[in-house]
Every structure is written in structure tokens, then in C-alpha cells.
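Okay, here's the structure, questions in a sec.
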Amino acid sequence: MNPTDTLWVLISSALVLMMLAPGLAMFYGGMVRKKNILSVMMQCIFLMGLLSIVWALWGYSLAFAPDIAGGFIGGTDYFLMKGVLPAWNDSLQQVDVPMVGGIPRMVHFLFQMTFFVITPALICGAYAERMKFSSLVFFSVLWGTFVYCPLAHWVWSDTGWLFTGKYAALDFAGGTVVHISSGISALLCAVILGKRFGFGSDPMPPHNLTYTFLGTALLWVGWFGFNAGSALNVSVLTANAFLATHLSASAGVLSWAGMEWIVRGKPSALGACSGAIAGLVCVTPACGSVTPISGIFIGLLGGAACFYACTTIKSKFGYDDTLDAFGVHGIGGMLGAILTGVFADPLVTGVPETAGLLVGGSRQFINQCIGVVAAVLVALVGTLIILKFLDAVMGLRVSPEDELRGLDVTQHGEEGYIFW
Amino acid sequence: MKKIEAIIRHFKLEEVKDALTGIGIQGMTVAEVRGFGRQKGHKEQYRGAEYTVDFLPKSKIEVVVSDDQAQEVIDTILKTARTGQIGDGKIFVTTLADTIRIRTGEQGESAL
Amino acid sequence: MKKIEAIIRHFKLEEVKDALTGIGIQGMTVAEVRGFGRQKGHKEQYRGAEYTVDFLPKSKIEVVVSDDQAQEVIDTILKTARTGQIGDGKIFVTTLADTIRIRTGEQGESAL
Amino acid sequence: MKKIEAIIRHFKLEEVKDALTGIGIQGMTVAEVRGFGRQKGHKEQYRGAEYTVDFLPKSKIEVVVSDDQAQEVIDTILKTARTGQIGDGKIFVTTLADTIRIRTGEQGESAL
Amino acid sequence: MNPTDTLWVLISSALVLMMLAPGLAMFYGGMVRKKNILSVMMQCIFLMGLLSIVWALWGYSLAFAPDIAGGFIGGTDYFLMKGVLPAWNDSLQQVDVPMVGGIPRMVHFLFQMTFFVITPALICGAYAERMKFSSLVFFSVLWGTFVYCPLAHWVWSDTGWLFTGKYAALDFAGGTVVHISSGISALLCAVILGKRFGFGSDPMPPHNLTYTFLGTALLWVGWFGFNAGSALNVSVLTANAFLATHLSASAGVLSWAGMEWIVRGKPSALGACSGAIAGLVCVTPACGSVTPISGIFIGLLGGAACFYACTTIKSKFGYDDTLDAFGVHGIGGMLGAILTGVFADPLVTGVPETAGLLVGGSRQFINQCIGVVAAVLVALVGTLIILKFLDAVMGLRVSPEDELRGLDVTQHGEEGYIFW
Amino acid sequence: MNPTDTLWVLISSALVLMMLAPGLAMFYGGMVRKKNILSVMMQCIFLMGLLSIVWALWGYSLAFAPDIAGGFIGGTDYFLMKGVLPAWNDSLQQVDVPMVGGIPRMVHFLFQMTFFVITPALICGAYAERMKFSSLVFFSVLWGTFVYCPLAHWVWSDTGWLFTGKYAALDFAGGTVVHISSGISALLCAVILGKRFGFGSDPMPPHNLTYTFLGTALLWVGWFGFNAGSALNVSVLTANAFLATHLSASAGVLSWAGMEWIVRGKPSALGACSGAIAGLVCVTPACGSVTPISGIFIGLLGGAACFYACTTIKSKFGYDDTLDAFGVHGIGGMLGAILTGVFADPLVTGVPETAGLLVGGSRQFINQCIGVVAAVLVALVGTLIILKFLDAVMGLRVSPEDELRGLDVTQHGEEGYIFW
């Protein structure tokens, strides 16, 4: 066991958990209306608990155990953490610690778990303020199982067809698995659930942007675990991913807030925060394959593209993606995957085949596009089936009256702020 | 002059405001209040403790208008603030002794 | 007795309070309200959504005084709350039927 | 009809509400206000700056009732809101010109 | 010096400090009424400052210096950090760095300090909203000295009777020392101080559950330092403790929120947060001796037990434990210590003697019970004496009028929120 | 490459970023009025983004590249991260990773970047609630370039005249570069911009001290990265810096809150928080040269001195340093630099020349004073020129009407809290 690498992956796991709660919960929670603040927090912490257990029961196995179903998904070898935890080896009369490279497999399990729990939670942004709690719980478990696990298997397991071989795509920290999949599913959720009661006529401004700021800042810090932790060791590559991540987030801030400044005359704090997240999303697949300088360009492009998606595309098509889960994670994720094919540099990866367009390669670029298409398809199909099924079985939305009163009081029987 | 106080549902505020400006009302004042009435509240539970919350969030609009505008204002509020469900609220009308605009010192209807 | 309600600018509250105590007023009650009027609001933008905010934060002072003090109170408020810019607010005067001090049960002017 | 406004101590609200419903009152509206009066405030200090806070948090209850219920309401509030310490608050009574229930358009006492 | 181990213990120390401020302060602060929010924060940060200094002056020595008083407590060898800090060795003409295993003793001092400062702060939950600030300051110093230090000495010093020998109990990260001791003392505080003015008649809902959520999430993250940091190195055991901790917290969320869902029809965010903390408390003594799978069971049991304690036991007996310091830390701590005796597994500990009931041992189970009884006794007796003494000397509660106005304004001369 | 050292510097970088956002933003944001809360957050996150890019473009080079201008400033060698990032070495046919000691130079770049971005943000505290956003953006870039970079070059580059040679001053983690420079500049900003509209007559209490508390706690935790991270490795010195930092913060809490208790009869949460920051500021230059015990004394003195500065000096001279950036960073920074010359101990530094007054040296003390004077001068002159220039070109303050309405709405077109 390499203690330094193990330590870094442990710390990274803590950082990614911090991204979900409190990070994402504050980020999203600040943007809903006051009457729904606790529902967002509840969704985040409950999914964190539930999906961690799901990961232990079957999730990790489906994602990382040896192929079944012709490589579509992993098998049952690691069900219940079998083969993951240390076990007594009778013949050697000692405890065997299963390893993944220099780190115990249970640490790999832990780190990958944090990705599994945060991804469905990202989708909350699309259906916030109107989805039934029970339905979203079932949705998340099914989505995690049937959308996330196959995708993770393709992209990150040793035998995944997007990981190795002819179609190998670069996805250092989860652009396809995490952001495209959740972002595309979010769009579908927004469309299928329909608009919030009063959308378009009533003002629905964020009730507490200070929370959104706080969440952004914690996401930013946590993302170092997400991205640089994905190296699974401490190396020059780790440092590269860390720095590229930070510079892309920085550039994203400038890009989004700068666009606002130009287009509207005023840069906003929400814009700066949104830009940081856009930059972070966009650099996620790229950070282990591009130089930090390229990270700056990725952040600039990501900020501008997501700004455009959230302000123009959304209002054009009129869907109600409450907190822009599609606009940021969907658009940013797809752009990032593609830009990885543009900026990838063998100097960083050490692998000559991974040359991006800018250093003269084109194969990698094509593979990135294939990866995007695959992720979009599996997200669309999977989410559609799950939503239709749940809609038939238990319904998706709360009653209009409950929506009006707010989910905090009606779904959870409590209030966020009691200031008198 | 009359002061018309309307206690309405929260989410009706914009609509009522727009309707009032539509009939030429130039000013109004709004406060966030909590109302107790026939509309039933809800239960909240915090670990061991259960509370019945009977006070529900409402908006209170105050519009001061000349006597002859009063009925139109009342009608407009009745029309726009109504959902037909218990809890739509009340309108209270008071007669004012005087009104003054602070900026100019104007008094009476010209102060509105 | 008169109830004098003054809707004033936020940052004038301290000044008005001091001036009123200066002329011997011993009590008043203040609420935070939002006012709509001639003073124009501003635009807010949250990602794709733009809102025009017409309701501006104001403070509403309520002072109950005897009839003969009313004019002095009004004049004092007029003097201290005025900036001369649109949005200075209004004063509304109502006649009260009665006033009671809860602590003692005193009624009428001695309750103030 | 009378509008009874009672400015009371914060923590007396539940008690007063229960007592009023006890005598058959079906509705009321409450606002959080800040009161200035004989009850002395406190000092707050933030690093170098010291402020005297004279405005204390109070609850303002508004109950509209028919003329013949008014006295009973006032007595009930007097009884339940009293602690005997300075700062118990005031009751102000106004005569209303009209009351309308938004849901049904009913007018007058039947609107309560 | 082992740099990786040292680094991990340093980081863990930072994490545990983060548990106290902001973690615990936000968690507790959200549950009090608005008028007392700063008093809670003040208690946390002031105790953090004061008790750190106390630890340097005499605390560490009483807990970890060689025995005096027949092993009841440590001696004065480390007073004023003597023998803890590097010192000039005249004979060798070099600087001597005192070590504890692979880490400098001053790092051990630091890590143990963080436990010492957080433990008395946990008790704040019981006397919140009514105790005099001066009295609670004295209480905390006396309690730390006369309750915490002896207990820590028994449980964690090399010669402690609960650490080694016949009665050796397993307490990996402080179930007895931290949670039982503070939880039991909390109950006594609640009883002796009496109920808050208006308790039972006035509604006293939490004024800002978003803070409680934020605090919970930060406690969760910080707890990795608390529990996995207690390994004092980076090893497979560290990973085991980390993972067991996380899974127990996750299961606690499901357990408490699930109980609510069943019993009351609605799961609440406060319930989910409470469950996470219950799971974390319960797994604290166990995380270094049980498998992560056992961690799931411990979390499920911990969540349910603490739910029951906070909702049923408390209302039955009618004491006013403001923020359920007893219900969560007392009950959860005792249950965790006992469950450690059930689930302990030599596969994890590497020590055959530490077999729990489930793998056929019984001695360990008995020792766990002995440990619980010892901690309960010392907490009860110590707290009783200190409270009675302080009550006689300076009184314990603020005046009813101050309590009504709130501690922020009356004890500290400031207000939490000024929103106009 | 030393992985453990690299890991620690990476983590420290994340911690320092967390100090700025959310730490400083919450700390400062809580103290302004409600109508300006987002403007503070926007300033912090926008500067974090912008200055990170500036650092990549030219900042790092000016601070750390080999001398130009007779040692006044660094040259252009590292412009655009040239020579910082790994590059292909054609003759050796391999990737060259530039190193600084055991860590890649890009990690050094990253860590130093975090200092560069936080320092101008500290100045926000002085001009908060009234400065034009565009002007403060330009101010920060110019200040970073012309004040920070030269100072950093003198104090921390290999050839800096305050780093090595006759005038070598001890500044372990940035007392001169970060705190004196920003604190002195802050005073000048406060004086030149003038008082806020209504200062002295209208009450301007902090609108949300719970944020200030939260920010303080996060700053405290982050400061371990700032101070102990400045060791750039994991060693006994790292542990010493960590522990001295913590004890000084602790002592600062006691000192400031204790002063309040004595002088005003009540200790306040804001006082405790301010004291923690004062202790942290004061120990910043010292933590790698003094024993942890000396850290306690530094914290006590720092807390008392800054208390005096914020309460007495400020009201005496009547300048409007909104959030006491001078009172805490200016005063605390100067005191800390000087106290370093008092308490410095060769036992800690391992360098006999660095003996403080207390162990019989005096040269070090004199050098510390020289360092202070140099930092004060460069800050005064630089800031004066930049402010006068910007005032002439674009103006410094928003219009009185905008100031009255608040910067959130007028500068950024958004509101912090929408609670109805």
C-alpha cells in the first residue's frame, strides 16, 4: 500500500462528500424559494445516505466488477463489498487486502462512491420545487443503477469500451459519467415534469444568494478532490489536474461575469458563481489531459457557453430547468468532453495516442464525440423509461396546493427559517 | 379618503398590483403578515416536539384612495385575489382623516 | 385621538424617531414594509430571468397621539423625513375610537 | 365593526391567540413590529461602535370584530397579554367603514 | 518521523477543529431560537480558545503523563508542554523531538487537544438558551480537568486500566471519553438547571434548520478526522475506520428519517441530520474494530435508538435537554460502546482477544459494558459536584428576564441578524 | 518529487483558497449591511478568479523570477507560466518537471498564487459598502502587480534583500507581504475614499454576525494551510507552525473577548471572532520561528493591540475603515513582525542568527523593524499613486444614491435575501 496515495484518495473522498453536503445543497438551496429550502437540503443528505448504501450493496459491483452482459455492465462479484474488504486468506494464514494499484480497493470503492452519490443529486436542480420526495428517492436509486453504473463501467472499468481500445475516450474525472449523464437527464426531467406552478408569471428569484455563494466556494474547494483526486495518486499529473481545475474555474468566473457585464451592463455575484461552476464542470473530463494554460481557455469557453445556455436557450425553448442543471452540467459537460479532444496533450498524459486537435491528432477528438453521444443516449433512454415507469406507478409531482405552500412544510413538516 | 387594507394570498400580490395599476392606482404599501382564520394550518415536528402552525403567511396591501375610487379598487382586488378556496382573505375599509405627501407637503387627495 | 401612519425612507427612521421624542412623543411602533409608488424601482437579473422590482423597502411608523398633538407630529415628520426626492413617502391620519394601555388598563389619552 | 390593534409582547402571542379563539374569534392577522416606548432598550456594541437599541420586537395583532364583541376582545387581550411590567403594550381601536370577504364577496359582519 | 502519518494527524486535527467551529456551532445554533444564536457560537469559539490553552497548561499532562494517584490521573510531567515540544539536548548537542510512534509528540498533543476542546462544547446542547456565560466557562474548565482528563487517562494513556490489561475496552475514537461523558453530563445539566422559561407551553422551534444542516454536513466531513485520524497513521485500519464511519452515518440518515416516515408519515431534514449524527456518534468507538458492513448495522441501530430517545424518552421524563445532547451523545455513545463489543472483529483489529459477540467472544463485550459504567459514573459524580459548587458560588442561570430577551443581547450585547 | 510534501502544499493551497471564498467573504460579508452582502461576496470571488489569471500571466514571474531592476522586482522569465509547467526536453527526450525543492514548481506557483489572490481581497474591508466595482477591480490588479509582487520578491524570492543577506527578516507566512501591505493600504483607502454616507449618525451594525462567525471559523481552519503550508514540506517545523498558529488564535480569542469583558462588562461573539483573527494575523510571520508557547503570548498581545486599534484609535482619528482591515491586518501585521524579532528562537529555526530579543539577539529584531518600514513605505506610496490615478481616470466611489440603495442592487442587479 502506498500511504501517501491512499491518504490523498481518502482526503479527496471527504472533499467530494463535502461537495454534496454542504456544497451542492447550499448552492442549489440558495436558488430556490424560501419555502423549499429544506427540501433541497433533505434531498442532498438523504441521497448521500441512501446511495452510499446502494453502492455498498450492488452499485460498485455493477460499475467495477468484471463484465457481464457483453461488457454492458459489471457483474455481481463485488455485491455487498465482497472482494472489496480485507478478508482472511486461509492458505496464507493472513489477511488479504484487495488493492487497486497502490491503494486498497476499499479506498477505491469509497472514492468512486462519492461520485455515485453526487451525480443523481445534480439532477435535483431540474425538478426542484415540485417533485414528490418518495418519487425522487426511487428515481435516484433506479437512475444510479441503470444509468450511472453502466456508464461508469464503460468509461472507467478496466474493460470498458470507452476506457480502452478503439473508442477510448478521455474522461479524467467524470465529464461523461457525471455531468453529461446528469445534465441530459435533468433536461428530460424538466420537460416531463413540466413547469412549476406560476412559472413565467410569478417572480421566482433565488431566495438566498449568500448560500449559493457559500455553496459555490465549497464546491470549488471540493472539486480539487473530485478532479485531482481522480489521479488516484500524488504525482505531477495530480498537480496538473489541480492547477488546470483552478484556472478553469477562475476563467469561468471572468467569462460569465464578463458576459453579463457586456450584455447587461452589470456583473452579478450569481453570474460569477455560475461561471465558476461552469468552468469546473467543463474542465472535469479534461484536467488530466490538458495543460493548465489550456484550462484557462476551457474555462473561458465553458463560462460563455453555459451563460448562453442558461439565458438564451432556456428562455427560447421555455422548459423549466429550475436551477439550470442542464444549462450548466449538460452543456458544460458536453463542451468539456469535446474540448478535451481539442486540447489533450501527450505531454500531460504521457500517451502519444491522446493527441488533441491542437497538437495534430483527430482520433481522440472523434472518440470524445462518440463518448458524448453514448452518454447522451444512455441518459435519455434510461431516464425516460424510469420517469414513465414511476409516473405510472406513483406519480412524479406533488399536488398544486402542496407546491404552492412549499415542499418544506408539506413534504417534510418543517420550516427553514423561523425568524420571529 | 379611504384606506383599503386587503389581506391576500402571498402569490397573488403581483397580480393584484398589476390590476390596481391597471385602474390607475399609483401607490400602495405592502407588509408581510401572518394570518389566522378558517383556512387550516399544518403541523410541524422537530424531533420530539410537535407544533400546530395556525398562522399562515399572507400579504397585506394598503391602498389609500379617494372615496369615489374605493369601490373600483375593492372590486379589482376581489376579482384578482380570489381563488375560491378558504383563505383568500379579507378587505377592510377605513375612513382617513387626512393624507399628506412628505416630499411636497400636499394634503388630501392630491397627495396620493 | 389620532393614529398617524408615516411611510418613510428607511434611513430616515432614526432621525424621525429622535425628532419625535424631541417634541415629547413617548411611544411609537415601526414596521418594515415595501412600497410601490412614483419612485421607480430597479431591475434584477438572475441568470435568464429578469424581474422589475417596484416594491422598495420603506419603514412605516405608527404614532398614536392626542388630537392637539397631531399637527405637531405631522410637521415634525414632514420636516425630518423629507429629502425632496420622489419616494419620501406619505402620512396617513386616522381617528381612533379608543386606546388602552395593557399594563394598567388605562384608557384614552392617559394610555399613551 | 371595529378593528382592534394590539401591540403585545412577542411571547404572549400564542396565549392571546388561544384566549381569543376561546371566546369565538375566528380570525386575526399578526405582524412583527418594533416598538419604542417607556420600556427601556439595551446597548449593543460592535467593535468600536456602540448603539442604543430603543426599538424592541413586539407582535401586532389585528382583529376585526363586530361592535358588540369589541369589549370582550379587549378584555381578553388585557387579561392574557398583561405581565404588569413596563412594555406590555397598547390596544388601539378604530371604527371600520366596511369589511369584505374576498372568497365570497360577503360584506359586513358576515365577512368575519 | 513518518511524514505521511504526521501529515494525516495534522489534517485530522484541522478537521476536528472544524467540527467544533463552525460545525457544532452551526448545528446547535440552528436549533435554538433566533435570540440565542450568537450565544451558542460564542460558547463554541470561546471554549475552543480557552480549552486549547488549558490543554497546554495542564490538560495534556493530566491525561497523558505517567500515572499518579494510583493511575487515576496523569502527573505533571507535561505541564506547560514540557517534554512535549522539541528541546535542546546538551549531551548530544542536538534538538530532541519527543515522539509518539511515528509522529512528534506535539502532533499527538495537538490531535488530542481537539478532542478535549470539543467534548465540553457538546454539553452546551443541554443547557443552551439559559446558562450564564461566566458559569459555563468555569464549568467547562472544571469539567475538562476533573471529568475528561481522568477518563482520557484511563481509556487512552498507555497505562490506563481501560486501555490495557484485564478490563481493556475498545474505544477507537472516543465513545466513552467524548460521547458518553458529555451526554451523561448533559442530562444532569438539563435536570439541575431546570427547564427553559416557557418550555412545554410556548413553541420553541429551531430558528434556522439550514444552519443545522450545514453544521451536520461539516460535522460529517470533520468526523473523518475524528475517527480515521484516531488511527494516528495511514494504514488499512485508517481506511477501514473512514469507510465504517461514512457508512454508519449514511445508515443513520436512513434509519432516523425512515422511522419518521413510518411513524409520522413524513421524513424531515432535521431527522436526516439527527440520524447522521447519531450514526456518527455510535460508530465512534467501533470504527477501528468493526468492518464497514458492521458500520451499516451500527448506524441503523444508532439512528433508531436516538430517534426513540429524543422523541419518546425525553417527553416521557420531561427534562429539557434543549438540543438533545443526551438523546444523541449519551444514548448513541452508550449504544456504540456496547455494539463495539458485539461487532468487534479480530480481522480488523488484528488482535484475537478483541472478538465481539458475533464472532464468538464475550470478554470484550463485558469489558465494553464496564467501560460504559465507568464513564457514566465519573460523568455523573464529577458533573454533580461541579454544578453544585458553581451554583453555590455564582449561580447557573441567567435571570428570567434575560432569558426572555435572549442571551445574545443580554449576555453578549449584540444581535445575530439585523435584516432591516 | 517528494509526494508527501507535494500533497501537503496542494492541500494547503486548497485551504488558503477556502480562506478567501467562503472564509473571508463570509467574515466580511456578515459585517456589512444587508444591502451590500453580495457585493462583498462578488468582490471575493471575482478577485479570486481574476487575480489567479493575473498570477499566471505575469504575477508569479514578477515575484519569483530572477531579479531585474536591481532586485526591485522579478523578471519576465515565468511569464505565461513558461518555465513553471513541465516541458519537453528535446536533448534528454523526456519531460522536464521544474522543481522547487521537493515539489514541482507548478505547485509552488499554485501555493503562492493563493497568497496573491487573498491579499488584495483583504483591503476590501476598508472600502466596503462604497467603492465602485470597476474601480476596485482595476485597483486590485494594479496593487497586486506594483505593491504585492515587489514585496513578495524582496521577502520570499531567493535573492530578495529581505530574504537573505544583511537585512534578512523573518516572515514565515506573510506578515509583511500579506498583512502589513494590505492593512496599510486599507487605511489609505479608507482615508482617500472618505466615510460612508451616514457614518457616525446612522447605525451601521453588522447585519449577520452568524456569517462573521462562520467566516472566522473557516479562516481559522484555512490558516493552517496558510501558515503551516508555508513550510512547503512536512516536518517538525510544519508541526511547530501549525501548533503555534492554533495557540495564538486561541489566545487571541481570550485576549479580545477578555478585554471586552473587563472594559465593557460583556464579552461578545464578534469580539471573540475578531480576537481569533488578530491572533492569526499576528502569528503569521512568527509561526516558523517561535515556539508554540511563544505563540500564546503573541496571541494575547495581538488580541489586545487590535482591540485597542479597532475601538480606540479608529474612533479617535475618525477614519471609516469599514471592517477594520487596518485595525486587524495593519496593526496585527506590524506587531507580529516585530514580535517575531522578540520571540524568534534558533531552537525552532535551526539558524543561530535568528535569535530574538528574548534569547539575547538584537540584529534580528532590527531587521524585523526594517522589514516593517519597507512594507509600510511600499504600501503607502504604491497605494497612493494607484488610487490617485484611478480617481482621476474613473472615479472611486459609487453615487450617493447608489450607496444608499446598496451595492447589491445598484452594482450587481441582485438581492442577497428575498425572504417573502
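Couple of notes before you dig in:
Order as written gives the chain letters A, B, C, D, E and F; numbering starts at 1 within each chain.
We adopt the following convention: a residue touches a chain if its C-beta (ideal position, glycine included) is under 8 Å from a C-beta of that chain, and two chains touch if they have at least 3 such contacts.
This structure is a prediction, so every number in the text was calculated from the model and none was measured.
Counting hops only between chains that touch, chain C reaches chain F in a minimum of 1.
At the chain B-chain D interface, residue numbers used by both copies make up under half of all numbers present, so the two copies contact each other through mostly different positions.
Between A-E and D-F, more contacting C-beta pairs join the chains of A-E. Chain E has its Cα centroid 51 Å from the Cα centroid of chain B. Each chain gets a centre from the mean of its Cα atoms; for chain D and chain E, those two points are 45 Å apart.
Centroid to centroid, with C-alpha atoms defining each point, chain A and chain F lie 34 Å apart. Separating the CA-averaged centres of chain B and chain C is a span of 18 Å. In chain E, the residues that reach two or more other chains under the touch definition are 4, 7, 11, 203, 205-206, 264, 266, 268, 270, 413-415, 417, 419-420. In chain C, the residues that touch at least two other chains are 31-32, 44-46, 94-95.
If you check the complex, the residues on chain D that touch chain E are 11, 14-15, 42-46, 53.
Remark: chain B residues 44-49, 51 touch chain E in the complex. Interface of chain C with chain B (complex): residues 2, 6-8, 31-38, 54-55, 58, 60, 74, 77-78, 81-95. Listed in rising order, the residues of chain A touching chain C in the complex are 31, 203-206, 260, 264, 266, 268, 270-271, 274, 310-312, 314-315, 324, 327. Remark: chain A residues 198, 201-203, 404-405, 409-410, 413-415 touch chain B in the complex.
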